[in-house]
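Structures given as structure tokens follow.
You will see subunit A twice below: alongside subunit B first, and alongside subunit C after that.
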Partner chain A sequence: MSDIEAPDAEGGVVKKFMFVNRKSPHGTVYAVESLEVVLISAAFDQDVSLAFLDDGVFQIVKQQDTSGLGIKNFSPAYRALGDFEITKLYVEQEALDERGLTADDLMEIMYEDEDDDYEEKPSVRVVGRGELSKLMSEQDVLLSF
Partner chain B sequence: MSTLHTVSNSPFENNAFKSCLDHVTAGDTILLIEDSVVGARKAGSFGKEIGKALANCRVCALAPDLSARGIAADTVLDGIELVDYGGFVDLAAEHERTQAWL
Partner chain C sequence: MAYQYNGTTVEHDEEGYITDISLWSRELADIIAKDENIEMTDEHWEVVNFLRDYYEEYQIAPAVRVLIKSIKKSMGKDKGNNKYMYHLFPYGPAKQACKIAGLPKPTGCV
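Here is the complex of A and B:
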């Protein structure tokens, strides 16, 4: 009864939410809208993860410079996700391969693992298509952007 | 643990349908809605892919979207089930989750 550390301390049920990102950033509002909803979802203490596949992998590539477009570069915000306890960013290997990208082209997105003496760990996990499909099939809710 | 996958864009327009096919798991259902139904025609170029999906998944198409685009039921690929809006609701209720391929 007094276990206030439990993930469902407020009596709610913790569900697995995955945000599925499949669009390149900046051309449409999908990526930035997804990120906004992800940040909102962090307030609800749910098990949140992000998936990047197809052109969505471009959302987290390094060195995005939107100055020539006259729009805000929101990509640094992904690096803040760890502070909101969003620490699972799955990137599909095949999507990277098809676009000539490697894991080295992605931003370094880290989180501090409070269960491991606050050691810094990478949030980005490159997974194969089969593993990503399996992860998607294990979610309670899939939100597509 | 099955998933209902909805596809709304024409497969001739973008890769949503292809990506859906690449990520379905056995026992899932794919429901073609809106512009995606244009890929359901027998003589079209997606017959092989849809045939492959039918080996371990159900593939459905929303009949009002077919009718709206002048696609007669007898010109739809064999194996694709036609559903109405009530059928859409049933599918959503029968599966644990829905994934929209936008």
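Here is the complex of A and C:
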């Protein structure tokens, strides 16, 4: 890693933050709390990414229905992440495989690339365990939920 | 703490955001706006309706930067800018417009 940190427009320091989500969405408050912190972090112009592994992959499964649980279904909020300029959602391939899921079971989460004529691009990237491990090692800050 | 109109009582928190968003109505929006010293015009309603649609779709209220960007996308740059939005809602477009729209305080509003 470089010793020189990239300054942003206001002369501050941009750090790489990764939010690591490991728990299923509705049994505990971890997922919704993580999402809240992610949305707040967007206000600070940092390099933010999210990782979904273990049961965390269930957080972005499509067509969630919480009506039987008596709690709010907050999953549509992941689709707003692009508006908040959070465009990197890494999903571990092995975690999907182990749970009988594929990329087709995940929500379509898109962002508009301002540098490419606002073309809509997918935010979700399915990566292997090795690659995710490498991405984690490149972060300045890892926050686990 | 509560808003009262036409014999109806709607609870709100210490900042004036209603606690049960299902109790919102256009009449209530006018009452909340009055509390905020805002006279609702078609331009105000345009933003409030936009916020309600946004919340319906994403289940969150956008932060001010996101709101202005989204307005710009759907209504053009004459409206999607700080000056226009702060002209409508002087104490913060996201905060005030969300309050009038009956939504929670915007997420990521620091």
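Methods note: the second predicted complex is superposed on the first by the 138 of 145 C-alpha atoms of A that agree within 3 Å, B and C clash if a C-alpha of one lies under 4 Å from a C-alpha of the other, contacts with A are read in each partner's own complex, and residues count from 1 in each chain.
Simple rule for what comes next: a contact is a pair of C-beta atoms (placed from the backbone, for glycine too) under 8 Å apart; a residue touches a chain by one contact, two chains touch by 3 or more.
Nothing here was measured: the structure is a model prediction, and the numbers come from that model.
S.K.: Record, for the superposition on subunit A, whether partners subunit B and subunit C clash or fit.
M.R.: The answer is fit.
S.K.: Using the superposition on chain A described above, determine whether A:83 touches subunit B (first), subunit C (second), both, or neither.
M.R.: A:83 sits against subunit C, while subunit B stays out of touch.
S.K.: Which partner does A:30 reach: the first (subunit B), the second (subunit C), both, or neither?
M.R.: Only subunit B; A:30 stays clear of subunit C.
S.K.: Is A:39 in contact with subunit B, with subunit C, with both, or with neither (first, second, both, neither)?
M.R.: second
S.K.: For the three-chain arrangement built by superposition, which of subunit B and subunit C touches the greater number of subunit A residues?
M.R.: B
S.K.: Pick one for A:134: touches subunit B only (first), subunit C only (second), both, or neither.
M.R.: first
S.K.: Based on the superposed arrangement, let me know which partner A:103 touches: subunit B (first), subunit C (second), both, or neither?
M.R.: After superposition on chain A, A:103 lies in contact with neither partner.
S.K.: Vertex at subunit A, arms to subunit B and subunit C: angle between C-alpha centres to the nearest 10°?
M.R.: 130
S.K.: In the overlaid three-chain picture, find the nearest pair of C-alpha atoms across subunit B and subunit C and give that distance in Å.
M.R.: Across the overlay, subunit B reaches subunit C at a minimum of 24 Å between C-alpha atoms.
S.K.: Intersection of subunit A residues contacting subunit B with those contacting subunit C?
M.R.: Touching subunit B and subunit C on subunit A: no residues.
S.K.: Touching residues of subunit A toward subunit B in the complex: what are they?
M.R.: Listed in rising order, the residues of subunit A that touch subunit B are 20, 22-23, 30, 53-54, 94, 129, 132-134, 136-142, 144-145.
S.K.: Which subunit C residues qualify as touching subunit A in the complex?
M.R.: Against subunit A, subunit C makes touches at 54, 57-60, 62-63, 65-66, 69-70, 107-108, 110.
S.K.: Can you list the subunit A residues touching subunit C in their complex?
M.R.: 36, 39-40, 42-43, 72-77, 79-80, 83-84
S.K.: Taking the touch rule as given, give the residues of subunit B at its contact with subunit A in the complex, in rising order.
M.R.: The contact residues of subunit B facing subunit A are 1, 3, 15-16, 19, 22-25, 28, 96-102.
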